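Next come two complexes, and both contain chain A; in the first it sits with chain B, in the second with chain C.
Here is the complex of A and B:
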C-alpha cells in the first residue's frame, strides 16, 4: 500500500510546490513573473502533449501528426468561440475542440490501424500536412492565412489576478491531469495490453485479443487529450493561424520522448521540460536554433539512445567500470 | 495552353524523378527514410552556384564536380552517423531529421539568406509543336534529368555495383553470404541517392533562385512520389514522378498552389490506406 502510493504522493508534492510558485515569484521578483508564467505554461502544456504521444508509443506506433490534432483542437475552439460566437462558454469550446480531434482521430485511426512503423508515421505526417492547405484556402470558417484572432480566455480565469496567472493554474491542472490519466491507463489492463501490442502484436492476437480495437482506442484518447491542450494553447496565444502549429510542433513532441527517453513515464516529462525551456531560450537565436536542434537529436540518437532518464544508469556503469579497472590496476 | 501545361508537367516530373529515385533507392537498400534528402539537394544547388558564379567554372564542369564530390560526402555521412543505428528504424529516421536541421541551420549561417541563381549556358525560347513555347533552359534541364536517369538504370541494371545493390536490397544477409560487403554496398547506395539529389539541386538552381531552405519542397514532393510508387521501387517512382508533375502543372495552374498540395497528400493517404505497396506493388 505504502510503496504503491509513494509515486502518486511524490507527483502530488511536485504539484503543490508548483501551485505555490506564483505567490513566491511575485514576492521575490514581481517583474519576472509574467515571463516565468509564460515559460511554465508552455512547458506544462507540452508535458501533456508529450505524455499523449508516449501513451501511443507504448502501442508501438509513432505519430508525426500530433501538431495536426493540436491545430484541429485550436481551430475548433477558435471558430466556435471567437469567430462565430456559437458557444458562449469557452470551457465548452475546449471540449468541442477535443471532441473534433477525437472524431477525426477515430476516422483516421480506423482507416490506418493496419499500417505499421514507417507507414503509420508517413500517413499521420501526410495528414497533418494536408490540414495546412485546407485551413489556408478557406476564408470561412478557417479565416484563411490570417487565421482566427481575439480568442477570449475561459470564464473565471481572472480570480487569480492577471490572466497569465490564471493560465498558469489551468496549464498546471492540465499537465497533471494528463499525467494522472496516462499513468492510470499505463497501469490498467488496457495499458498492459497496449504495451504487449508494442512488443509483439502477433502474440497478442493469438491470446484472443482484438489488437486494432486497442490501438484505435489509445490513438483516439491521445488525440482527445491533445485536442484539449490545443484549445488551451490557442486561447492562451489569443490567436491561431496556419503557421502556429506546424511540422516542427509534431517533431518537438517526438523529441520530448527522444530526449527524455521512452522507457518510463518520467521520460517525456523530463524531455518536455528540457526542450520547451530550451526552445524559449533559443527563440532569439535565429538559425543557430536549427543547428542546436540538429546537434541535440544526433547526440541523443548516437550517444544516449535511452534518453536523459538513462543517464544515471549509464554514468553508474561507466563509473563502476572505472573503479573496477583501478582495483585491478592496484592489485 | 494544354500543350504548355503538359510540357511543364514533363519537365517538373523529370526533376522530381531525380530527387525521388535517390530517396527510394536509399529506402530500398538501407530501409532508411532519408529526411536529409532535401539538404543534399540544397547543397548540390549551392555547390553549383559557388562553382559557376564564384569560381567561374563552366556550368557542365560544375555538374561534373558535383558528381565527383557528393558520393564522398554521402558515404561520409553514412559511415559517420547512419551505419551504427540503421537497425533501429526510429533512430535512423530521427538521425536523418537531425542531419537535416543541422545542415540547414549551418547553411543559413554559411550561405546567407539572399536568393541565389545560376545562369544556364543555353538560352532562348524553343517553339514546340502544338503552340507551346518553352525557355530553352527548362527543356534542356528536363532532357539532362532524363539522361541522368537512364545512366542510373544502366548503373543499377548492368554493372557489378548495380548487382551488389540489388542483392543487398533483396536480402542483406544472403548478399553477405555471397561475398558482398553489405555495409559498403549500403554506403555506395546512400552515396548514389545523395548524388542524385545534389544533381537535381544543381539543375534546379538554373530554373529557380535557391536559398538554404530550397530543398524542403522537392523533398516533400519526393516523399509523395516514393509512396505512390511504392517504397523502394525505382520504376514505380519514375512513373509516380510524372503523375505528380502533371498534377502540379495542371492542378497548380487550374486550381491554385494549395489545391495541388492538398491533392498530393490526399493521394498519399489514399494509397497508404488502400494499397501500401504503391501503384507498382505486387500485392
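Here is the complex of A and C:
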C-alpha cells in the first residue's frame, strides 16, 4: 500500500511546491512574476498535451494532429463565449471545446485507428492542416484570418489578483489533473490492454478484445483533454487566429515525448518542460528554429532513443563498460 | 439427442486470388477430443485455423462452434464464444511480464471500463481481483510462479510456448486450438509442453492441434485429419492414418 502511494505523494508534493511559487517569486522579485507565470502556464498546459499523446502512443497512435484538436477546443470556446456570446460561463465554453474535439476525434478515430503508425500520422497531420484554410475562409463563425478576439478569462479567476496568477493556478490544476488521469489509466487493466495493443494488436484481438473500441476510446479521451487545454490556452491568450496553433504545435507535442522519452510517464513531462522553456528562446531564432529542431530530432533518434529519462541508465552502462574494458586491459 | 460436436467445419474453401488454399474441407470435432490436423508444408493447415478463428473469411462453406454459426464473425467475438488459439510466431507480448501476458487472456479483461479505471471504483477493484486470481491459477497450473515477474522476452523458447498456452487457457475456453506448439523446441521441452496439453485434455478441454512432430501427434491425438494441397485426404484414428496409402504418398511421394 505504502509503495503504491509513494509516487502519488511525490507528485502531490511537487504540486504543493508549485502552488507556493507565486507568493515566493512575488516576494523575491515581483517584477519577474508576470514573465515567470507566462512561461509556467505554457509549460503546464504543454505537459497536459504531452501526457495525452503519451497515453495515445502507448496504443500505437502516433498523432501529428494534436495542434488541430487544440485549435478545435480553442475556436469552440472563442466562438461560443466571445464572438456570439452563446454561452455566458467561460468554464462551460471549455467544456464545449472539449466536447467538440472529442466528437471530431470520435468520427476521425473510428475511421483511422486501425491504420499503421505512419498512415495514422499522415492522416492526423493532414486533418490538422485542413483546419487552417477552413477557419481562414469563413468570417462566420471563425472570424476569417483575423480570428476571434476579446476572449474573457473564466469566472472567479481574479480571486488570485492578476489574471496571469489565476491562469497559473488553472494551468497547474490542468497539468496535474491530466497527470492523474493518464497515470490512473496506465496503472489499470485498461492501461495493460492499451500497452498490449501497442505491441501486438492481432494478439489482443485473439484475447477476445475488440481492439478498435479501445483505440477509439483512448484517442477520444486524449483529444477531449487536449480540447480543454486548447480552450484554456486560447482564453489565456485572449484571442485565437488561424496562425495561433500550427503544425509546430503538433510537432512540439511529439517532440515532448521524443526528448523526454516514451518509456515512462515522466518522459513527456520532462520533454515538455525542456522544450517549452527552449521554445521561448528559439522563437527569436526565426526560421533557424527549424535547424535546431532538425538537430534535436536527429540527436535523440540516433543517440538517445529512450529520451532524457534514459540518460542516467545509458551513462551508467557506458561508464560500467569503460571500467570493464580497463580491467580487461590491465588483466 | 444432444449434439456432441464442439466444432463443425462444413465444406470450407479459401481462395487467395487464383491460389486455392483450401477446397471443400469438412470435419467435426467432438467434445473432449484430442484432435490433430496434419499435412505437409503448404497443405493449408494454418489457413484452416485462421478461417475457424475468424482471421480469414472463408470463400465458401460454414463453421459452427458449439451449435452456433460463427462464419464471418469478428475474431474477438469468436474468441468470446469460448474458443482460444495460439500462434506459430509472435505468440506473446514480449515487453510485458509473464503474469501480465496471462492476465491479458482472462475473460474479465473484456469488461473493464475506462471511467471505473480512472476513478478506481469498487467494481473496478473486483474485476482487477478476479483477473489477478485467475492469472494466479493459471500460473500455478503451469508451474510458472518463478518466472511470473519476468519479461516474456527473457524466457527460453520452450517456456514462451507454455506462457502462450497459459494465455489461451486463461479464459477457460471450450476449445483450444494450438498452431504448431512444438516447432523449434528441444526434446525435453516437447515433453513438457505436450504434458501440459495432455493434462488439460484429461481435465476435459477439447484440443485441436496442428503439428509436424509425428511422434507427438500419433501418441496423443484421438482423431486426425490429413490435408494435402488444400484437400482432405484422410481422417481417422492414428493407427489408420499411419497405414493410409494416400497419406504415405503425400508425405513421401510416389
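Operating definition for what follows: the second predicted complex is superposed on the first by the 328 of 331 C-alpha atoms of A that agree within 3 Å, B and C clash if a C-alpha of one lies under 4 Å from a C-alpha of the other, contacts with A are read in each partner's own complex, and residues count from 1 in each chain.
Definition applied: contacts are C-beta pairs under 8 Å (C-beta built on N, C-alpha and C of every residue); 3 or more make two chains touch, one makes a residue touch a chain.
Just so we're clear, the structure is a prediction, and the values are computed from it rather than from any experiment.
By the touch criterion defined above, A:290 lies against chain B but remains apart from chain C after alignment on the C-alpha atoms of chain A.
When the two structures are aligned on the shared chain, A:123 is found in touch with chain B, with no touch to chain C.
Once the two complexes are laid over each other on the shared chain, residue contacts for A:270 go to neither chain B nor chain C.
Touch criterion met: A:189 reaches chain C, while chain B stays clear of it. For chain A, the partner touching the most residues, choosing from chain B and chain C, is B. Contact with chain C, but none with chain B, is seen for A:221 once the two complexes are overlaid on the shared chain. When both complexes are overlaid on chain A, the residue A:112 reaches chain B alone and has no touch with chain C. Within the complex formed with chain A, the chain C residues making contact are 53, 55, 74-76, 79-80, 84-85, 87, 90-96, 100, 103-105, 107, 109-110, 112-114, 117-120, 124, 127-128, 131, 167, 171. Of all residues in chain A, only 62, 111-112, 115, 117-119, 121-123, 126-127, 129-130, 132-134, 136-137, 251, 254, 258, 286-298, 301-302, 305 touch chain B in the complex they form.
Residue ranges on chain A touching chain C, taken from their complex, read 181, 184-185, 188-193, 195-196, 199-200, 202-211, 217, 221. Residue ranges on chain B touching chain A, taken from their complex, read 33, 81, 84-85, 88-91, 93-95, 97-106, 108-109, 220, 223-224, 227, 231, 256, 258-259, 261-262, 265-266, 268-269, 272-273, 276.
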